[in-house]
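Given below, in the form of structure tokens, are the structures.
Consider the two complexes below, in which chain A is the common component and chain B and chain C are the respective partners.
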Partner chain A sequence: MFELLGIPPQALFGQLLLGLINGAFYAMLSLGLAVIFGLLNIINFTHGAQYMMGAFVTWMLLNYFGIEYWYALVLAPLIVGATGIVIERLMISRLYHLDHLYGLLLTFGLALIIQGLFRNEYGISGMSYRPPELLAGGHNLGFMYLPNSRLWVIIASVVVCFGTWFVIEKTKLGAYLRAATENPTLVGAFGINVPRMITLTYGFGVALAAFAGVLAAPIYSVNPNMGESLIIVVFAVVVIGGMGSILGAIITGFGLGLVEGLTRVFYPEGSAVVIFVIMAIVLLIKPAGLFGRAA
Partner chain B sequence: MPEAVAVQDPTTRPGGVSVADPHLSVKGLEGWYGESHVLHGIDFDVAKGEVVTLLGRNGAGKTTTLKAVMGILTKRKGSVSFEGQELIGLPARKIARAGIAFCPEERGIFSTLSVEENLHLPPKVREGGLGIDQIFELFPNLKERLSSQGTKLSGGEQQMLAIARILRTGAKMLLLDEPTEGLAPVIVQQIGQTIARLKREGFTIVLVEQNFRFASSVADRHYVVEQGRVVDCIPNAELDANIEKLHAYLGV
Partner chain C sequence: MVRQFAFATSALAVLAAVPALAQDAIDVKIGVLNDRSGIYSDISGEGSVIAARMAVEDFGAEEKGLNVEILSADHQNKPDVASTVTQQWIDEEGVNAIADVPTSSAALAINEIIRNEDAVFLNSGAATTELTGGACSPHTVHWTYDTYALAHGTGGAMVREGGDSWFFITADYAFGHQLENDTTAVIEEAGGEVVGSVRHPFPGSDFSSFLLQAQASGAKVIGLANAGGDTVNAITQASEFGITQAGQALAGLLMFVNDVHALSLETAQGLVLTESFYWDLNDDTRAWSERYMEEAGDMPSMVQAGVYGSVLHYLKAVEQVGSTNADEVVAAMKEMPTDDPLFGQGEVRADGRKMHDMYLFQVKTPEESEGDWDYYNLLATIPAEEAFRPLDEGGCSLVEEAAAGGAEEPAAEEEAEGEEAN
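The block that comes next holds the complex of A and B.
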């Protein structure tokens, strides 16, 4: 079949793998955006910058403190998540009574400031992060070579995405979150501290972005603009999946990564725009997104 | 309502009745929706274990009164004292933790939660709430629908769920906003029996009702609300003697 299409299996599977990896990042980032949007009703434009911060903190932990990748997987999301909590308490929480647009402007402005600060300090050439030994090497699957570092990204993102889905859809904590998304006033009248829940949710969404940043550090170059280019695509993914849908964000993220990979095999010229074309079509047919609830 | 407990005191409590040791005491409660001043001085007392209703025409301020007591209406002043604790100034979550539970008119069943999740959502604020078996004894329908989506229940079942979930919490002071609205007579009867049973178990209940017949079947006293004020208080025992007056208040 591959010979018929004139495409060597190595190229096909190579691009599918690349697509799956991109999809893993789309899924993690759009998941964080969906979690934040669900409860805060704010489109977090700082998300790309927070992903970049995750990668930078990972790099700093290793280069300044000698703290290895495996510790950074936990530490970097905690550190960046904590900065998110500070931002929510000091700034975003003052905007809830205003139009959504203000939240968007604030988070967009914050993204520019954060990126500017990092650019000022580290330049734009990017830095490499030495992958841990465990992730060196790979497996020869016969039809393709699978590097361990890439396999790890896919496994880690699937676990984190579905772990998040499980917590939100199947646990008591998630029930509070879903209820507060529907009717925060009533949930507060039951005795639950909704403002604290909102703060922690924002912190969690930011930590998810930072976790994606940690995963990105060994396989991409760590540079201040790494989030900016990715986040545009992620917003398209969110629009396609439907704002606020948890499972929708995960499935669309991985799915669109694969679609992008396939396009790169069969019609390379279209690979850069295919997601935006899909977004336009979805908006025409189903404006609420594939998994979104109609407003 | 025992005579000894109620003391008429018209000078300080316009239209009101003072209760010697009130479970909940509302004095001069004023409230605003944005700029609009809707409560102009609500006064009423509820003794422990009593069921009182707030009666009045649409827009008189009955629901708003419950929301102001609960802290859902945040722009408010005056005094709301519960078990001796002043609640004005506290956020709704702390008022809930103090032991008051609210069942809203629109029932507030969460559509993204199952019946079971809805039932277990409100946290326990005190010991002594109803156990899950007692809840199923009161509302057997809920037991069979536990895994359904909350809003897939019938209107009557949703109302039962809305009441059931606040009985678990241990709060002994219940604010029920029109629990019979839009329900079939047989369900209204069931809710009436539930309220009577809760009263026997020592719950204190403030009920907002449009259904005057229902109100008279469950309550000890009726407070009449007009234009954001309590203008009268009629003990249920004296209802027949005051029926003309009440009809005039309610415009029926």
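The block that comes next holds the complex of A and C.
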């Protein structure tokens, strides 16, 4: 049997596919961050906690109200997105006239508080979420056994990422958003309610994080720290892609998932740092990120 | 100069008078240092603090003239944080004993600090056998379990059942490496082989890649040399990828009752694991655990039980010695037999190893379980002498000193006094 880079090609395909699945999570989360940063100029450190909330709300809907996964897929992002809107109205909106740093500190503090509250109530060991029947099985692809729940992650995230990109880049609503990013005063002068648009955009970004959380619930153990470890990597993805670039966030998300997946095969000890090494290199060569425009 | 001398003398006189006054009430400060927010916070965390308080209460510290204060802090599973807190506690707070420390790398760091201080290290949560082996210290007592006991318990049982080829998924730090090494020794001794291993970043969340590598290896047993949330995630994902269904067995080399609780019996059923404590062992453990649960909300892990046992035994030793002098208290801890409702009767060996039986459990099926926290069937009781590494194999220097007899003791005492004067 021929081998590729020292491992059988079947195994390599399997690993690449897994990398792509992880990349799907990176893409969805970094997309939300990019949307929020693009319009609000806020570095939303609460993103990881909001992803965790998405998973927890999914778990709560099933265990407290008996509401199935498929409904949670819509409900959880709506609920968590609504909390995001409250946070934006009550707190973040007061910081727009200040430096980025204040928004960062506020959202970071909120993330710690939210995590602490969940940890206090549910402990750290986490809960198991039983996947719905349709996602419980899997397909044997010949080179690997692909669980339906993971296949679903790829499908759902590609749809959501493309949909978001399409709305922002190709529709009239997206044109308003992009215009408001460039010059909010001028867009406001044309009679568009910019503050409301900003609020809804934040809510949407948060809902994206929660959606990723729903997808994660049947795969990872639902626990209060699940977003903490992920969010740092996602920030690196956003930086590599270029702050605020929608397409950059999606492509680097999937791409870095693949790179990380390969590292797990060839040098697993390095898989936790490989993305940061890439980040450092990209920052040295292209400080604005791969898809970013220099300010 | 003369005045300074006079001042120093009077200060010394005051100091000398303190022990006499302290006869009425000895101040004891115990710092519970563990993970309060990360992946080990359910198995240690606030629960260990509750267990320590229960030990103080059950010992009847106040009536026996001990004024015990319990402190707590988060070491975040980082050796540097653990070292800083320990040094600060000893220097500024006058802490006499540090309890728990569930992360091996942090425990080894603290072990080195306390070796040279007048303090005692009551380790419950860490796994590394180094604490009672090459790195053993005259101030350290290692209570609950170690990698040798886990490797021989779970590893030995799996090999006897025919699991003679292994692939390891190992947490990439001191604990994981050692657990893998110890289990490898057990497997090879029994004629089995290790076909491969992979080291994952700690803590991790996605194990699918490593599980796929394990699957490709064709090994009969996939050994999980990790703990807490890492083990839970790895087992959940192994079931998701159909690995267990396809016939490969999982060996969670270090598992706690909280992990089974998080996994749910559906996923965890049939797993074999080794623990030194389970709430439903006997009347004593049940009674204590009910009390604990009232306050903590969950059943205790063996680590929390170990904090109770070690703090209780420490307080007994302090009472007997009549002071918190670390050398004397640890000597008394090793001299006195141990006896508590959770671990029964036992002893602390010359190398600091606490000796008690270990238990091999199998996780019940959902049908067998009669309710919340009813998770284990007892497969076998492993006698202390078999469970832990023989005294002469650890390479601990204290063992030879103990064997050489008490001839050197007075010298050691003088030295200790000299240090105190400094």
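In this section, the second predicted complex is superposed on the first by the 289 of 295 C-alpha atoms of A that agree within 3 Å, B and C clash if a C-alpha of one lies under 4 Å from a C-alpha of the other, contacts with A are read in each partner's own complex, and residues count from 1 in each chain.
Note that in this section a contact is a pair of C-beta atoms (placed from the backbone, for glycine too) under 8 Å apart; a residue touches a chain by one contact, two chains touch by 3 or more.
Source: prediction; values computed, not measured.
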item	value
Chain B versus chain C as contact partner of A:L186, first or second or both or neither	first
Chain C versus chain B, contacts on chain A by residue	C
First, second, both or neither for A:R178, with chain B first and chain C second	first
Contacts of A:S229 with chain B and chain C, given as first, second, both or neither	second
Parts of chain C lying in touch with chain A, wherever the complex brings them together	37-43, 45, 172, 198-201, 203-206, 208-210, 212-213, 216, 228-229, 232-233, 236-237, 240-242, 246, 258-259, 261-264, 266-267, 298
Complex contact set, residues of chain B against chain A	70-72, 91-97, 101-102, 104, 108, 110-113, 117, 120-123, 125, 166, 169
Residues on chain A engaged by chain B in the complex (per definition of touch)	172, 175-176, 178-179, 181-183, 185-194
Of chain A, residues touching chain C in the complex	8, 11, 14-15, 18-19, 21-22, 116, 119, 123-128, 130, 138, 144-145, 147, 149-150, 219-221, 223, 225-226, 229-230, 261, 264-265, 268-269, 271-272
